[in-house]
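Labels run A, B, C and D following the written order; every chain starts at residue 1.
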Amino acid sequence: MPRFDDITPVLDRLAIEVPSWAYGNSGTRFKVFSTPGTPRTPEEKIADAAQVHRLTGLAPTVALHIPWDKVDDYAALQRYANDQGVTLGTINSNTFQDDAYKLGSLTHTDAAVRRQAIDHHLECLEIMDATGSQDLKIWLADGSNYPGQADIRTRQDLLHEALAEIYAQLGAEQRLVLEYKFFEPAFYHTDVPDWGTSYAQVAALGDQAFVCLDTGHHAPGTNIEFIVAQLLRLGKLGSFDFNSRFYADDDLIVGAADPFQLFRIMAEVIRGGGLDEGSQVALMLDQCHNIEDKVPGQIRSVLNVQEMTARALLLDREALGKAQESGDVLAANAIYMDAFYTDVRPMLAGYRAARGLPEDPMAAFAESGYLPKIAAERVGGQQAGWGA
Amino acid sequence: MPRFDDITPVLDRLAIEVPSWAYGNSGTRFKVFSTPGTPRTPEEKIADAAQVHRLTGLAPTVALHIPWDKVDDYAALQRYANDQGVTLGTINSNTFQDDAYKLGSLTHTDAAVRRQAIDHHLECLEIMDATGSQDLKIWLADGSNYPGQADIRTRQDLLHEALAEIYAQLGAEQRLVLEYKFFEPAFYHTDVPDWGTSYAQVAALGDQAFVCLDTGHHAPGTNIEFIVAQLLRLGKLGSFDFNSRFYADDDLIVGAADPFQLFRIMAEVIRGGGLDEGSQVALMLDQCHNIEDKVPGQIRSVLNVQEMTARALLLDREALGKAQESGDVLAANAIYMDAFYTDVRPMLAGYRAARGLPEDPMAAFAESGYLPKIAAERVGGQQAGWGA
Amino acid sequence: MPRFDDITPVLDRLAIEVPSWAYGNSGTRFKVFSTPGTPRTPEEKIADAAQVHRLTGLAPTVALHIPWDKVDDYAALQRYANDQGVTLGTINSNTFQDDAYKLGSLTHTDAAVRRQAIDHHLECLEIMDATGSQDLKIWLADGSNYPGQADIRTRQDLLHEALAEIYAQLGAEQRLVLEYKFFEPAFYHTDVPDWGTSYAQVAALGDQAFVCLDTGHHAPGTNIEFIVAQLLRLGKLGSFDFNSRFYADDDLIVGAADPFQLFRIMAEVIRGGGLDEGSQVALMLDQCHNIEDKVPGQIRSVLNVQEMTARALLLDREALGKAQESGDVLAANAIYMDAFYTDVRPMLAGYRAARGLPEDPMAAFAESGYLPKIAAERVGGQQAGWGA
Amino acid sequence: MPRFDDITPVLDRLAIEVPSWAYGNSGTRFKVFSTPGTPRTPEEKIADAAQVHRLTGLAPTVALHIPWDKVDDYAALQRYANDQGVTLGTINSNTFQDDAYKLGSLTHTDAAVRRQAIDHHLECLEIMDATGSQDLKIWLADGSNYPGQADIRTRQDLLHEALAEIYAQLGAEQRLVLEYKFFEPAFYHTDVPDWGTSYAQVAALGDQAFVCLDTGHHAPGTNIEFIVAQLLRLGKLGSFDFNSRFYADDDLIVGAADPFQLFRIMAEVIRGGGLDEGSQVALMLDQCHNIEDKVPGQIRSVLNVQEMTARALLLDREALGKAQESGDVLAANAIYMDAFYTDVRPMLAGYRAARGLPEDPMAAFAESGYLPKIAAERVGGQQAGWGA
């Protein structure tokens, strides 16, 4: 097994983008519970995100969601972020909360609605130019609820046309990242339901288009690390949306439902070069906190990714390779599990201390008084939330 | 196979309660789309529900949801309903939209929250006294999102205590019906996740407590008709909440996703006496319309139940029994499928005409001009919706 | 809605290949029950298959499985088949029942095992030359049971290398068809688990390589008709393996578990040109009969495909298109369901009679005395079965 | 968090029964791979099982499967076992491998088949008298593959009748334990598919009847620890069959697929008194090894249960209770995860050494030369396997 010191250079490269919307109120279709101190502006969201980075060193960038995070002056927002110690990252489009999109956006039968949706993405590209963001991430709610409601096949062609128009406007350093999701909010068919569809669509666009893998967006029982390996092999894994789930939900703290799965995913990311210098794989959280506190929920999340990455880095790949070659099933599995079972938390505490970070970021946050402070300060106004 | 005339007496008994909340706006956590003409009051919901009954003869009662349908004078509301040709039915409690219930209601660790939730149910019983309703239906959102968050075992005991206090206040003709749901909005554990739990809880209460089976609330692959058969055998199937789903959603039009499953369920209801005179099984819809029009969505739903019931009634049980006895797998299946494949729609059209109903209720509704009429009339005010 | 006469030209083209192994004994890992009259030779399997075609006109070809159906003289076997009124079709390879393949075949870490597996496929190509078969169908049991047991990524590369070598030996008129399967017999990872993997692999081979879609090989809740539409759009849907399932099994009579799903699949096949003249889509059964009689089980299966195809052909696509364009969800769904609910059985009985076939092939088979005849004749010898 | 020394008294009580059939060849419906050294007799299976106990101290009893383990003299077999350092445990009946049981056993429509199945269980009770076994474990393959094939409701009644007759013959110290399974080998309906059915059936029998929970026998996404808690609460959790699975299979090494789930299950067993002195909960493995070596596979399995039990015992329940009471979701989850993440392997090595056991039982087994020894000795004869 590698020594912990051997793996710190890779740990030093680990960066997990956090989403601005994680700090607003969110919930289920049954109820959104509100919390004192919830941000009311993009700036306040960024301030919260900066706390995560300050205490963990893991979250240097913040993803924005348009139109939720629209501001007049993106350069000023970027400066604000920089002052807080972070930078603006991925721009996420939104074509699911305008009344026009009830039956689709980029795949709608009505050309006018498609136009509106394409234009929204072109606007996102302009914002990216202003913020210097690299990635335009597209998740579509498009689909249908009833058999016969929509022509599945035509919608794939419309999707290609729309994506091609958006893709054509990408800058030389920009990327289009297409997310897939098994179902929801469409309940019969989804226009980008699986990695195969996302892959076929982005492959048809060109070298600057990639797949986004959201860990919560698969059918029950799907082997996600297999998809990671396959997409890395095909050169098309652009980014992760991390979260976890027990059922069909997808907003639990990453690693909370099945830490071993997160370990396996990170092991495959490493195996495929996803943490190498210059890797094209962007790591990001995409999860909202329904009942737990939001800022510490995000801290817990990035720490979970770090812990499982450290365990995966400790995998003794030489010994593993030999056991695999020799067909020794139990030995190979034991070597693999040995890395997972190794408790890296004390080593990571030391690692943090050596970098001027708190050994226990959760405790440090609790002691910081940040939550009562924002609860006192952020009074009045409209709390941000899913959809605002 | 029985002749259609043989089955009309049972069809005459078929009654499917419709939920008041089906007529309000509803949607997903991503977006609730609003519709012109959406009711603003309990009376307007009842007026919409009455349309369903007027055109189908299938929906004589309307379920209420408290507090969404709270009024000052329930006797007046009942008279209003009667004037529209329907009556008030099941009272549904709601312990998931008050801030106090963030971490539970009847199972909350805090006795004060449990008190509030119990008192809410006692208030529902008072409303039942005022409306003459028979059933108090309890669906709980209670559960937890993270392992360790809650003590699963203690919560079962607290649940029993709370239900027992509510049960003790039931009138002689009243029933408590406890619904189960596999997951959502709790994502790690749900306090009443399966029929076994609901059965164990209601069996501990007494003869006036029953299980409610919501067709959308099961794990993937669950054989629902088996549960129907089992609960009828145990004497504890109190009611159905009908809807359908492809994935984890549960608000599609009943029968839309898998009409054969609905057929099998109705076949087992009939097999177990659930459509006999004096049956204790109440049939009800529990589905909301996200993208389709609401009133015709409900009409389509009750028609689907009627159509699959008619097919199930046409099952040649004598021939089936013989094939089953003789172990002739293909013959037994063929007899079963023959009933399902029989197109009963022309016969049902005649059946309706003979009872003074439109042969094609969907067409009759479209021609009635009801939707444009309410769109024009119901302007201003707050549209009803999930949660209002 | 089209008239039945309009759709008969397409029905006339419908041909469903039947698998030789469907007539042998098969079962579960718990028990294989044997049946009197089970074939003992490839010829007897073909004789059984010919019964299916004789009574239905739907099954003109028989798929072989190598080595189960190895004979010394394939030309003689083809002549035998022709004498029975059928021809030999797809050749299916088998790399899962030799001890060497315990940990993989085309993806095994050991080059000698890969060599053996590749050579087996080259032998299959020689048999195809002898029989005049068009398709080499490859389903791989390759995968692993435990995390760490195998290197997922390397195995994809090995798979590509092996397939490329086999592909290079295809004749000008021959095709390689790669099947995917979600899981089983490997229980942690499968080397070709989903359509995306099969598509990526065959796309890398060339124009003569296609995907085989087995209807029983998907995760719970997967929208299979979406995959049909997508693969037809990408020009890579080579063939179907039909069967049905409720859970994770995949050997029930096609259409038995969810006839509406089979209807939707056939509707999408038709939509994408899969039943057009010269279509590249081959339809085939791949199901074994565990408890029901085998020959009538196959008859029931091809009839189910025919019935659902007829219903799908009756879909009023013009009216559907208009409803879809106008966003009328309920109307579009109603048009779609109208085709599904139409009972085509009487029309198909007439259609058969007009072609000199029995109106009711199941009854005709029962009356034919074929089963008692083979039970009496086929005594002694080794019954064929899964694996022999 | 408790100190390790605090938990050793409970660890000392930990005993996991191993199944005799785990040492024979087993596999999937596709292929059973054989292994040199596979036992040929019940005695050789017991000898293998004794190795597991010798090296781990965890597996003092061996479960038998009748008729696979039938012998003429059970007293002699018991003496043989005692000489090896173990004793005979649970007797498992088998009503799925006789031709008569093709369509059912205790639930078959034919009274003669039911008689045969009941008599088989009475014979098992006689064997229990001879071996001194406490538990008769009943798992039924009964069910149907096609809708209509069987009358679901009648079969429940037949099941009750048959179980009642068997139950009536139990000795005063004996128990009947009824296992449930979601599906397989029946693929449409299973007669005991869920805990609710097993509970309803055993509750109707009496105080000596219990539910057996097999960890691999649930629908996707089922919260198994909830069922553990519920059955313990109801006083009806009789035993566990441990194994693990990713999909629908159920024969992987317990804890291999999701160690955190095993932790949660053991935490709930402890919470509910399942490891208390005098607990009625029997722990047992029920898994077969398809590709890995069998004896070390069993050693790995009992060690996994021990490791996760130790972690679960380290849970700081006082702190957890406080966090739960205060509604601190993140804190409660963190306390819970802290126990799971604690690497108990070094402590367990010391614990073993203190008891005269090898610190690393897997390594000790590898060094023991046992596998090459039995491979050399056990030549000729019929290897045992699933079904023999």
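Following the convention adopted for this analysis, contacts are C-beta pairs under 8 Å (C-beta built on N, C-alpha and C of every residue); 3 or more make two chains touch, one makes a residue touch a chain.
To keep track of the chains, here are their UniProt names: A, B, C, D = L-rhamnose isomerase/sugar isomerase.
Source: prediction; values computed, not measured.
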item: Between chain A and its twin chain D, rotation from the CA superposition, multiple of 5 degrees; value: 180
item: Pair joined by the larger number of C-beta contacts - C-D, A-C; value: A-C
item: Euclidean distance of C-alpha centroids - chain A vs chain C, Å; value: 39
item: For chain C paired with chain D, centre-to-centre distance based on mean C-alpha positions, whole Å; value: 38
item: Set of chain A residues in contact with two or more other chains; value: 102-103, 145-147, 182-183, 188, 220-221, 223, 246-247, 256, 260, 291-292, 329, 333-334, 337
item: Contact set on chain C toward chain A in their complex; value: 102-103, 109-110, 144-153, 156-157, 182-183, 188-190, 193-197, 199-200, 218-223, 225-227, 229-230, 232-234, 260, 264, 268, 271-272, 320-321, 324-325, 327, 329, 332-337
item: In the complex, chain C residues that touch chain B; value: 220-221, 223, 246-247, 256, 258-261, 291-293, 296-297, 300, 329-330, 333-334, 337, 340-343, 345, 362
item: Residue numbers on chain A that touch chain B, as the complex places them; value: 27-31, 33-34, 96-97, 99, 101-103, 141, 145-147, 182-185, 187-188, 220, 245-249, 251-253, 256-257, 290-292, 386-387
